[in-house]
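Note that subunit A is present in both complexes that follow, paired respectively with subunit B and with subunit C.
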Partner chain A sequence: MSSFRFDSPIPPLLYEISRTGRRAVLLPESDVPETPLPDHLVRSDADELRLPEVSEQDVVRHFTKLSHANMSIDTNFYPLGSCTMKYNPKINEAVAAHPGFAGQHPLGRVSDTQGALAVMYRLQHMLAEISGFSAVSLQPAAGAQGELTGILMIRAYHESNGDTRRTKILVPDSAHGTNPATVTMAGYETVEIPSNSRGTVDLDALRAACGDDVAGLMITNPNTAGLFEEDIVAIVDAVHECGGLVYGDGANFNAILGIVRPGDIGVDVMHFNLHKTFSTPHGGGGPGAGPVGAAPILAPYLPGPVVTRGGTDDGDYRLTMPDRSIGRLKSFHGNFGMLLRAYAYIMMHGADGLRAISENAVLNANYLRVLTERAFPVKFKRTCMHEFISVGSVYDGVSTMDVAKRLLDYGFHAPTVYFPLIVKDALMIEPTESENRETLEAFADALQAVADEAQSNPDLLHDAPHTTPLRRLDEVSAVRNLVLRYQR
Partner chain B sequence: MAYIGNTDADRRIMLDRLGLSSVDDLFTDIPAEHRFPELELPPAQTELELLRDIESLAAQNAAGSGMLSFVGAGVYRHFIPAIVSYLSGRGEFATAYTPYQAEASQGTVQTIFEYQSMVADLLGMDVVNASHYDGSTAVAEAAIMAVRSTRGRSRVVLSGTLHPEYIQVTRTYLKPQGIAIDVVDPPEAAGATGPTSESLLAAIGDDTACLIVQNPDFLGRYVDLRGFADEVHARGALLVVHVDPIATALFTSPGALGADIVTGEGQPLGIPLSYGGPYLGIFAARKELVRKMPGRLAGQTTDTTGARGFVLTLNTREQHIRRDKATSNICTNQGLMALRATIYLAAMGPKGLTEAARLCYQNAHHAARLLAQIPGCSVLPGATSPGAAPADVFFKEFVLRTPVPAADVIERAADAGVIPGLALDRYYPKRTHEILIAVTEAYSRADIERLADAVRDAVTKSADAPARKEAVR
Partner chain C sequence: MTFRDDVKYQESHEWALKDDDLVIVGVSDYAQDSLGDVVYVELPDVGDVKKKGDSFGVVESVKAASDVYMPVSGEIIEINADLDDNPSNVNDSPFDSGWLIKIKPSDPSELSALMSAQEYKTYTEGLED
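For the complex of A and B:
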């Protein structure tokens, strides 16, 4: 049994401790001549604003206690496959909080924002260099928006060539759900390409699907099984030969920094997840940032504005719209605070440092794969990249979810479960480069202990977790009896 | 490397266990001709070197050089209580991810539930989701949701006084889905105030899924929407209202006005300007529409002992379950920004938030009065005098018409350390003599007087002699 314990009970809702008249923040009295309010337009008593009334100490204790009810990278090993839960350097936060950036309005004059523009310009350039693309736009706010950006660019390319027959996007069946959802949002139809027994794209099936109705392919490489698509050159060639373009999903880019550049192997457009590869905090589910890099053929279609250099009285850097831009994906210039953090991270690594990240991420994953395969068999028995997939349902009457919940009792966040869909009952494990050997070995020991318990005392797993502030939560009744806000 | 866990000795042990002689042997699946490219990047910096670099870059921004700016146009300088950054910076929040394992993530899921509850109360709406990327993408997703919620209707009508960048984003999102957009009376001409209620209603046809209005609108004007929802509904369309969350503390809530979907830019709720993001897309709807909503939702449930807890719910709407049939491809929300907004709302409380909204209103009107007294200047919509109710209502932002080009006024005022606002010709090229000015509770009376003095001086000097650039032309 693990010694891990969450250290305080979960606090009630702020509404439940609210007392009329209690205050946290006081504001000054107005000291300007009074202007009457338009009484007919202001909130009526029936429409009274009802928010919790609490003291500042109440707020601090509430959120501090809530924070204790979370596992996080700062407190626990968090091997959530495909999410790259690496250490988030604290210098990133200091840089993003600098008042010269945090206080800067996005519509400041060009001459007043040269520092911010310089950061964006350098980051565009560095991301392009790392990935082998000719241009980068920092607009997209998240990976999913980066995907949408890429497919809209492919669409705009075909439309500008008068090629409107192409209605389909090929998506391997191992892809994240965002890929097919993105295809739909971009007005295309998804054609699913099966995987082969080695966990990679079935090349024959892909070739058979290529035709003059194919706008492109979305491919995640390394894929969600943690495997490098070794036929990638043939895959890219097949799509290009039928007139389609190739979108690279950069979700797993952490495995290939300085190892291989997607642009060099023929990928036409790709997004980066700055919150995965480049260490910006995941924030309990965002914000992310999903910059997009493009080969010369698609660079004119990048969303804008992008930062370019040269030639005005207002300064060296300026914002411009690419020639054939698909337009804006969000207001202003991307999730700048996230861009700053990624800039800091890349600047602190340099070329050798980036390669070391991927080397260590891949070494850690392979070491952990070998350490754990006795407890839970690994689906694809070959060298993996940054992550690997185990099968969680090998012990009678014990599910992958039971294993995941039991791991929480050992003080480890669970791996990603039941994904990718091509592996039944998957446990998807990604250790990242920031974990050391002792942690990997402790996690492997925990998995072995859970495997032993699955055979000797399966109810221990069925009833898990035991040490979390709440026991297993009922997701079915949450849907059946929808309560989405505090009930008075 | 600072952020890598293992030592050389560790790596040796691990490679031995794998039966490999070198780390390079892990990468044989990668085409040899493309393996291990040389990256041309700046040499690695230490933390100290990086900070020097950052200091010099930050100093090249106005915010780093002490300028007093009155630029708003969608995102604003508001007061942020110290506890917002203090608490939201906790690593247990910042370095957690999506609460896939709810039992180990109650801090995050309960926070989302509290966010949904407080924002729902603020907007007078039934259901709020866990958030979108920003106000613009919330508007675009609202348009898509409206089309999905109204059978056979494939157009959307946008008020011309919706933020111009939101209109652009909505076009990007809707075009590939074949949803047509009608923009009614964009205020492109000098002095224009945008569409009337009548022209908006007239634009709703049999195939219109929704009408989207921003209130206060892009030019700062607060539109009287009483009775308007009934008119929109009578034409078979949904009403989408995009709001400033601070304004909703003071004015009748959009829910009470009958809105079907409400979006908002949540940046004013404790989120720094940060040169454009990350921000917070607020998204709310009536409960009848909840299954058409995009984005994450936290819901209440119980654990096996009957204790209350929270989980992400209605996941079958979402991409990871429904794949190509999902309501949106959105995966993340703006978790950390929603956390900031939740802490902000808790700290402000109903009284603090209302006081902030009243201060915005008072300060903005005081600024407008002072500026309207400058010879040749006038304020849209309608200047006010002390003690008199304004003819036309605005909240914290208004348009100043200047007798000389706005760019000249701004450039001269900036020389005196004040950026009076946004030159409207950035979005409407014909509006060369107008400045959009935002004043919130964060500005003191002295700041406002400094603004008025700077603009007065700039107008006077520009009238005497054209600004530098004009002289060159």
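For the complex of A and C:
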């Protein structure tokens, strides 16, 4: 049994410790004339909004205890495959909290917000340079919205050419579920492309699916199996030859920074996950940010406004809608605080540093892959990129979920489980570049210990976790009996 | 793992059983075991007409949501409405109380073209590689 222990149980809710009249703030007496709210704005039932009444110390203890009952990247190794749970540098927070940024109003005059616009402009250009695209919009709020943006741009492109026969989008069966969801949201039909035995797109099946009814392809490279799509050039060519466009899902861009530029290999539009690749917080600490980059033929369709330069009385930087923009995707200017953090991260690393990030992400994943494959076999026995897929159900009577839950007792966040769907009982492990060798080795030791327990004492795994504030959760009830807010 | 041998199977893991002039359809024991705890089953409307290979619904588990496909073409005559409240019947009894739909087949020869239990068992063993 590991010595890891969570520090505290789950504290009571603020509602439960609330006492009438207790408060954290004493407002000074008003020094302006009182103006009552109009009657129609006043709640009729005074009891309807019963907020908790607690002291400041109550609040501080409550949230501090909650944080101790949690795992986060700041407390534990977090190899959650596909999520890129890398360290979030604290200098990002310092930059975002700078009063010059934090005090900005999103409706501030262009002449008064030149500094903020300059950061956005530079970030657009840095992302374009890193990815090989001609233009970038910072609007989308997260990865899935970036995907929707890209497919809506592809749709607008075909429609502007009068090409309305195209109703299908090709999606490999290893894709994130957000890909087919995006296709449906954009009014298209998904055609699933199978993977081959090497875990990458079956090129013959893809070519067979190409035709004059195909609007485009959504492809993640490296894919969700952590493998580089080696046929990417032939894949892109096949889609282009049939008149379709290629959407690059940038979810795994962290593995190829400074090495491959998707724009150079013919991808037409792609989103970036700033909250993964560029170290802005996520996993409950978001929000995310999903800027979209486009090749010249799609750049006019980018959502806006984008920041451009040039000559008005208000200053050098201004807000512009691209010529054929699909419109706004988000209020104001995207998740601006995340843009600042990503900007800081890119500036801090520079071009060589970004390449080193990807090299170390790939090195760490391959080191861990080799260290762990005796405990749990790796599905695709080849060099991986930033993550790899193990099979979690190799010991009799022990499931992948049992293994994941038992790892919590060893002080590690569980890997992603049961995804991608092309691998039965997958354990998807992504260490990221920010972990050191000792941590990787400790995790490999824990996986070996769990594998040993799976054979010697499987009930230990069935009943895991043992040391967490809450034990094994009832996932069926959690799905079937939704409780979405506090109920008295 | 049960491979009931009086039903036919297709590659997407549905079973089909001739019942007089109807065909009863469900998902195999292998499928329910792979899916894990089923939390929701979405079924078509009675009267819908679908072709073999068309999706007729969704089985959602704690792990994934999977489409289910028509093993034969025809009209939906009855659906297992009890699964609304008891989706776990798909796990507990995939061949009996976990059945999904009853079809009036438009081409009965499609049924005989499906896999036998032995063929399906061999097929699932191939998937484990």
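Keep this in mind: the second predicted complex is superposed on the first by the 472 of 488 C-alpha atoms of A that agree within 3 Å, B and C clash if a C-alpha of one lies under 4 Å from a C-alpha of the other, contacts with A are read in each partner's own complex, and residues count from 1 in each chain.
Throughout what follows, contacts are C-beta pairs under 8 Å (C-beta built on N, C-alpha and C of every residue); 3 or more make two chains touch, one makes a residue touch a chain.
Everything numeric here is computed off the predicted structure, so don't read it as measured data.
In the superposed pair of complexes, A:Lys379 makes contact with neither subunit B nor subunit C. When the shared chain is aligned, no partner comes close enough to touch A:His158: not subunit B, not subunit C. When both complexes are overlaid on chain A, the residue A:Val479 reaches subunit B and subunit C alike. By the touch criterion stated above, A:Arg318 is placed in contact with neither subunit B nor subunit C. In the superposition on chain A, A:Lys424 makes contact with subunit C only, not with subunit B. Of the two partner chains, subunit B is the only one touched by A:Val95; subunit C is not. Shared interface residues of subunit A, touching subunit B in one complex and subunit C in the other, are 417, 475, 479.
Subunit C meets subunit A in the complex at residues 34, 36-37, 39-40, 60, 62-64, 87-88, 127-128.
Residues 401, 417-418, 421, 424, 475-476, 479-480 of subunit A are the ones that touch subunit C when the two sit in their complex.
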